[in-house]
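Pasting the structures here.
Two complexes follow with chain A in common, the first pairing it with chain B and the second with chain C.
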Partner chain A sequence: MTKTTDIVALDEWYAIAVMADVGGNPIRTRLLGQDIIYGRGPNDRVSVHEVDASGRPGAALPTRERYNCLWTSLGAPRHEIFRLAEAEEKDRRVVVCGWIKMRTSGLRLVENFLDMAHFPYIHPNILGAEPHTEVPQYASEIRRDVDEVWATNCQFYQPQIVANGPGGMVQLTYRVPSPFVVMLYRVCPSSPDRLDVIMMFIQPIEEDLCRALPVMYLIDDRSSQIDLLNFEQVIFLQDRIIVENQRPLLLPLEPRSETPTRADLSSVVFRRWLKEKGLRFGTAEGGRDLV
Partner chain B sequence: MTQVATVFFVGRFQPESFLEFIRHRAERLSLAAAVHSAGPNCIEVSVAGDEELLDAFELACSLGPIDCLVLDHHRVSTAEAPERVGEYRSGP
Partner chain C sequence: MSFSGGWYPVALSNQLEPATSAGTRLFDREICIWRDSDGGVHAWEDRCPHRGMRLSFGFVRGDRIACLYHGWQYDMQGRCRFIPAHPQLDVPSTIRVATYPCIDRLGMVWMCSDLKMEMPLDLPIDRRDIAPVRSLYVDCAPIATMQALSARSECTVLAGGALISIHAGPQNMIAGFQPFGKGKTALHIVFLGSPEQYPGNARRSAAVWAEELRHDLEREPVPDTAPAGSYEAAPWRS
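The block that comes next holds the complex of A and B.
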């Protein structure tokens, strides 16, 4: 496909690479249907360029280095990349997992990340376990002052809160700071007055193809790096199976053939927010005019 | 337990489109629904049914059809059954 014409999608920031992977050899990837190339030039300067029709580097794109990643935009972002206060705490352990490519809309992935109801079925004995299948009532809202979606007061029974740890009710807060970034704050098992942060950065490649990078800022000096990486890897590979089998692959903004219940509140609020923003890329209504 | 409530939707509406969505959703959930008022910025509808179904109704309508945008919504319990209930009655 070719570069999207969706201004709302174009004007967002996207994580496109882990900083450690940005070197002297230019690497080609794709964002919103547009081929781009990134690398480190003389003086260690990082740059991202569109690749023009002849295959040569074209326009230089804006860049940022944030949260161990290289970010760029194909448009003119109207705000900076979201701020994560926890990332400024010196004692945090940063865990950058690997990219996972999925044949689905990046928005479906956000929706899946927000959904607690699937834990016992898709991540049995890790993030959930039967018979603890009920999603207790939670709140979800569009915060218009910051233009983000938040879900608060979320709780769920998890049999294994951290790698090889014991189970219990976890307290979760979800945050969607931009359409292709989603994160959760989880009361930290080892220091209950602090929150672990698990983020997922999504690079929308095409309408129905994306890759996702989990990045965690944890309070955890016990787990081994490999255990933490394996834990996330197992979870995201389980999620890949369900998101790739959802139909349609694109996210419907109109719940015509679905029957959402209270547990789906976050998903409904997220879709309402996308509709309000006028985002079309990755939605089932992409070809139709929005309000 | 059957409840009666009025649901208010505030936003930007194509009233016909939103009302059609409401009818479709009420029918799917077997709820009795009656529209009190429908304008381009506010729609008021009475519904009667189980609380869980009212939740589902309000939730689905808060997203609504693609050509309408709900900016805010809330629900108030009312003692009265929906007037003009016959108009959009569905289910048993």
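The block that comes next holds the complex of A and C.
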């Protein structure tokens, strides 16, 4: 496909690579339908370029290095990349997981990340367990001052809050700082006055194709790196079965096309926010006709 | 010729066991077929109205099917009866899945392609003793498949194209004809008679006949689309 004409999508920042993977050899990838190329020049300067129709590097794109990732935009971003206060704390452990490519709209992935009700079914005995299926009432809103979606006072029963520990209610806060970035704050098991942060950066490749990168800022000096990576990998592969089999693959913004309940409040607010912004890329209304 | 709305077979009955579900297509529409614990068959739109998840990935418990994603339970009429995220909620009767008429006949699961059509399934053959052979999924358009089949074997087209009586070799086979979608057709092949009348080698030779048919149909129109090696690797060749 070719570069989207959706200005709202073009003007956002997107994580497109893990910094550790940006080297002297240029790497080609695709963002919003546009082929781009990134790499490190002879003076160690990182650059991202569009690839023009003849296959040669074209216009240079803006870049940022944040949260261990290289970010770029195909448009003119009207704000900086969101700020995460926890990332500035010196004792945080940063875990950058691998990219996972999925045949669906990145927006479906954001909604799945916001959803607690699927934990007992898709992540049984990890993030949830029958018969503890109830989603207690929580709040969700568009925060106008920062133009972000938040869901607060979220609680859900998890069978193991710490590895091999007893089950109980976890306290979660969700935040959507831009349409293709979503994160959650979780009361830290080992240090209850602080919050672990789990983020998911999405690179929308095409309307119905994306890749996602989980990045975590944790208070955890006990878990091994491989255990943390394996945990995230299992979760995301379980989610993939869902998001690749939702119909349509593109996110419907028309309120009556699906059936939300109170547990889906954050999804309702997220869709309303996207509609207000006028985002079309990856939505059933603005995208191509798919299945 | 063309295929019109009506009843079509979408699976061999013995391939859809009690308390299981499967996904298929009819005229490119995604369909969930499932069999309840009492043996009844159901053909529904393959989409949970909640978040669009395909219901064919769901799980059957007793007389209900539950969506894999959030466990929403639907009764045999397609009405949602339980939402686990809100266990106390009296589920509104408006939450339902579109259901198609569906029935077991001639060793096949049949569904009516039209949600609103209320015509009974009227087949020219009515037998209970059926020896199932196999289902065959061919990357070939329904009309082209029908034409190639007629050119190869002596065929009698029945039930508006939904059934074909095929005279190939010593036995007469019956193939249920499923217009799966653009460029894809499924044939559900059976013998009329009890499985004892058609022992292993009779059914095996029919399966080989079907496989060769698929080979030819997929090779003739677009030679490059036949995946190399897939036939040689097939277990019935060894």
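The rule is short, and it goes like this: the second predicted complex is superposed on the first by the 280 of 291 C-alpha atoms of A that agree within 3 Å, B and C clash if a C-alpha of one lies under 4 Å from a C-alpha of the other, contacts with A are read in each partner's own complex, and residues count from 1 in each chain.
Methods note: a residue touches a chain if its C-beta (ideal position, glycine included) is under 8 Å from a C-beta of that chain, and two chains touch if they have at least 3 such contacts.
Values in this document were obtained by computation on a predicted structure and should not be read as measured data.
Looking at the shared chain after the overlay, A:E285 reaches chain B, while chain C stays out of its contact range. Of the two partner chains placed by superposition, only chain C is touched by A:E134; chain B is not. In the superposed pair of complexes, A:D21 makes contact with neither chain B nor chain C.
Contacts of A:E89 after superposition: neither chain B nor chain C is touched.
In the superposed model, A:R262 lies in contact with both chain B and chain C.
By the touch criterion defined above, A:E254 reaches chain B but does not reach chain C. Residue contacts after overlaying the shared chain place A:I242 against chain C, while chain B stays out of touching range. Of the two partner chains, chain B is the only one that A:E276 touches; chain C does not reach it.
Shared interface residues of chain A (contacting chain B in one complex, chain C in the other): 258-262, 264, 291.
Residues 111, 117-118, 120-122, 130, 133-135, 241-242, 245-248, 252, 258-264, 291 of chain A touch chain C in their complex. Across the interface of their complex, chain B is touched by residues 253-256, 258-262, 264-265, 268, 271-272, 275-276, 285, 288-291 of chain A.
Taken in their complex, chain B has these residues touching chain A: 12, 24, 28-29, 52, 55-56, 59-60, 62-71. Across the complex, chain C meets chain A through its residues 30, 46-47, 49-54, 57, 68-71, 83-87, 89, 95.
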